[in-house]
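Next up: the structures, one after another.
In the two complexes below, subunit A is the common chain; its partner is subunit B in one and subunit C in the other.
And now, the complex of A and B:
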């Protein structure tokens, strides 16, 4: 019999505290977002698929030297980088930068190995498609299209 | 219009028929409204939005869910007892409508007024457990069987405190007639104001939670343990009838609480309670109680079976017994 009434008191008190907690939650604003209509800003640290970096704000050229370090270091072999020598231009000119996102493991070794910081992670996360071909990105076109 | 009213008053069978049709409508409407409110409040407690897509704030969601359920195939498991399996949802749903017929919505608005209304309602409400047992047994599924068995074992534990706490009100009014019980509380003196009857009210609310098979006492359903308990095997509107009956039982439990303890159709502060205003006060009390039940459901985790038995046999039954004795003593003295 000892503690019988104390159990009722402490139990009832904790039950009321619990009700208070949920009541406060009812009053508080909702935290979920109605996704297709509302979006929250993505963090700058997001590691999306890779993309070429612009030369600067207004210039749509890129920094790539066509050294091929990214393609060589890629553990998935998802990058194809080709360049050609042109008359009157110093160094190579990038002609092909194909990126197979279906194979990419998003390890980021290409971004780290790039000596000119010509590669970065994009902040795009709404990726959906009906075929594999839609995820074979042509990064040069992507840069120009921006 | 007057002719129609005369016709209805002359033929009491016609009156009964209309009352039953309206009450079936109310039972379904109640399930839709409460289902929507439950989903919305549950979402707010978990800081979500709940249904938002269909209609403003998703208010059409429950109606569309009902349409979806109507369109679905009624599957009977191969080894199930076909007759009992089909019978169980009806046996669960019919008593709910029959109880609704005996509820006094206001002084003039009721299906039937019985002199033993309270006994009738309690008797009908206990058929629910029978329906759950039949559903669990006929499904031929271990989870359904466990759910049904739990429901029956739970039933004995919570019915006694419910009856004892209601009995203390009956001792006070000396009547089983719900209209007389409501009239006895006219004006300020609702029964929940008296200390001894307030204890009975609290006991009734706790045990009523168990009667409606809702969390924290939803052991017969217990999603995480028994998939869906007794209605695991039900599809389409067989399941729909169980859901409608569950909300109907919630309404009945809240309306009994408001009739017995909160003055039924009497307005607060002695406010007017005519045929229509009375129904308004009654329904608002019922809805406040149902919202409290939803709030409780989404606050507490499910109790273990022995914890439920402990609560009922060690706390609720002794308290309601002592309370009944005190009430009897007070009634005799005053």
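And now, the complex of A and C:
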């Protein structure tokens, strides 16, 4: 019989301790963020999809030399880089920089392997779409359109 | 491998129950065929492979740096040690020296990731047993870690942060300040977990004496990590075969006594404190200097090499055979959860199905790591 009452005592005590923890949380300020309506600040260091780096604020040119190291090193094979020779221009001129985000695993090896730091990570994180084509980025167009 | 048909053709055909592959208590796509006698599971047969992505084959089809992102995707809950094992393996094979600061940063981030993984493991385990609240507290603390790690690594879950020869990016003062604040805050929170979960009568009744793994049994199956330590064997790669700079730090290996689910759970709770101790010491001793040795595209020499690290779930071993090219000839990955899962049949035969959920949850399985 004494075991029965001891069980009730210990059970009730542990229940009250647990409820005490919960009760303290009730009187704490709300931490839930109502996402689409309010947003948290995201660190600028977030490793999103890659992007070509602008020369500077007003200049929409880029640093790419079309060496193709990013495409060669990419483990997922999600980059297509093509260039052509133009008269009067030293080296190659970038004509195609296609980036298939559906295959990308965001490892950052392309950014590392770029000797001219022509690539960087975007801090964009709200990426959702209805079709696969929306995630085939033309990075040259993105650079000019910014 | 036995299947449904094997059970059905035997004379002692009993009620067959499929637990999984889409069952919340199996934490992923694990299917367990249970042969039920009333409410008792008399036959248990885990069926694996639903999340198989041929990670080992993928390693053989690309140059070794190309395997970085894959390492974090095997155990997505504790990705850092998986990264660590792989880069350390290549470093050992190619004879690359790592700057000391980088090693310290590796230890700090690995231990933070271990805490995050244990918090998720504990939270999900208690959720399996029917308590919803603790996982919310666990996620609250885990969020602090993920935010801090996101700031330096750039991602929240599948980090690809370690590189052969160091780490991708140096840590800054904000990170150090944040981590110290987290340690202080989290020390105060551990007693709260004990109040809320460890001391709870219902939790104790569901876990004490359930799913007992004796030390001998754990050894026979090659169980590692908290599953082994819960059975009373103080085996931890960080102590017994220290890699990186773990030998510089002072920490204990918590062990259990009875080897039941409660012990395995409590070992994880104690490990939280030990990880905090390691991080604290590493932050105090953090040396200055570069974080990435000059990267070189080393060819893998002919021969083989292996490296073991202690992940949140146990011992992870990478074994690599090189043939002189940049592409590994063979990469074998020994994951901890696979061995831990193999205990299930012997541990749980003849158990009530509710106890089986409790015992299986205490192994803290991550299925993509088993299937890999």
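Here, the second predicted complex is superposed on the first by the 118 of 146 C-alpha atoms of A that agree within 3 Å, B and C clash if a C-alpha of one lies under 4 Å from a C-alpha of the other, contacts with A are read in each partner's own complex, and residues count from 1 in each chain.
Simple rule for what comes next: a contact is a pair of C-beta atoms (placed from the backbone, for glycine too) under 8 Å apart; a residue touches a chain by one contact, two chains touch by 3 or more.
Because the structure is predicted, anything quoted here is derived from the model rather than measured.
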Which superposed partner A:83 touches (first subunit B, second subunit C, both, neither): neither
First, second, both or neither for A:106, with subunit B first and subunit C second: second
Which of subunit B and subunit C A:68 touches, first, second, both or neither: neither
First, second, both or neither for A:45, with subunit B first and subunit C second: second
First, second, both or neither for A:8, with subunit B first and subunit C second: first
Which superposed partner A:121 touches (first subunit B, second subunit C, both, neither): second
Subunit A residues touched - subunit C or subunit B, whichever exceeds: C
Doubly contacted residues of subunit A, that is, touched by subunit B and again by subunit C: 15, 18, 21-22, 25, 31
Complex contact set, residues of subunit A against subunit B: 8, 15, 18-19, 21-23, 25-26, 28-32, 34
Of all residues in subunit C, those that touch subunit A in their complex: 62-63, 65-70, 73, 133, 137, 140, 147, 150-155, 158, 160, 163, 168-169, 192, 195-196, 199-201, 295
Touching residues on subunit A, where the partner in the complex is subunit C: 7, 10-11, 14-15, 17-18, 20-22, 25, 31, 43, 45-47, 73-76, 105-109, 112, 121
Parts of subunit B lying in touch with subunit A, wherever the complex brings them together: 41, 43-49, 52, 295-296, 298-300, 315
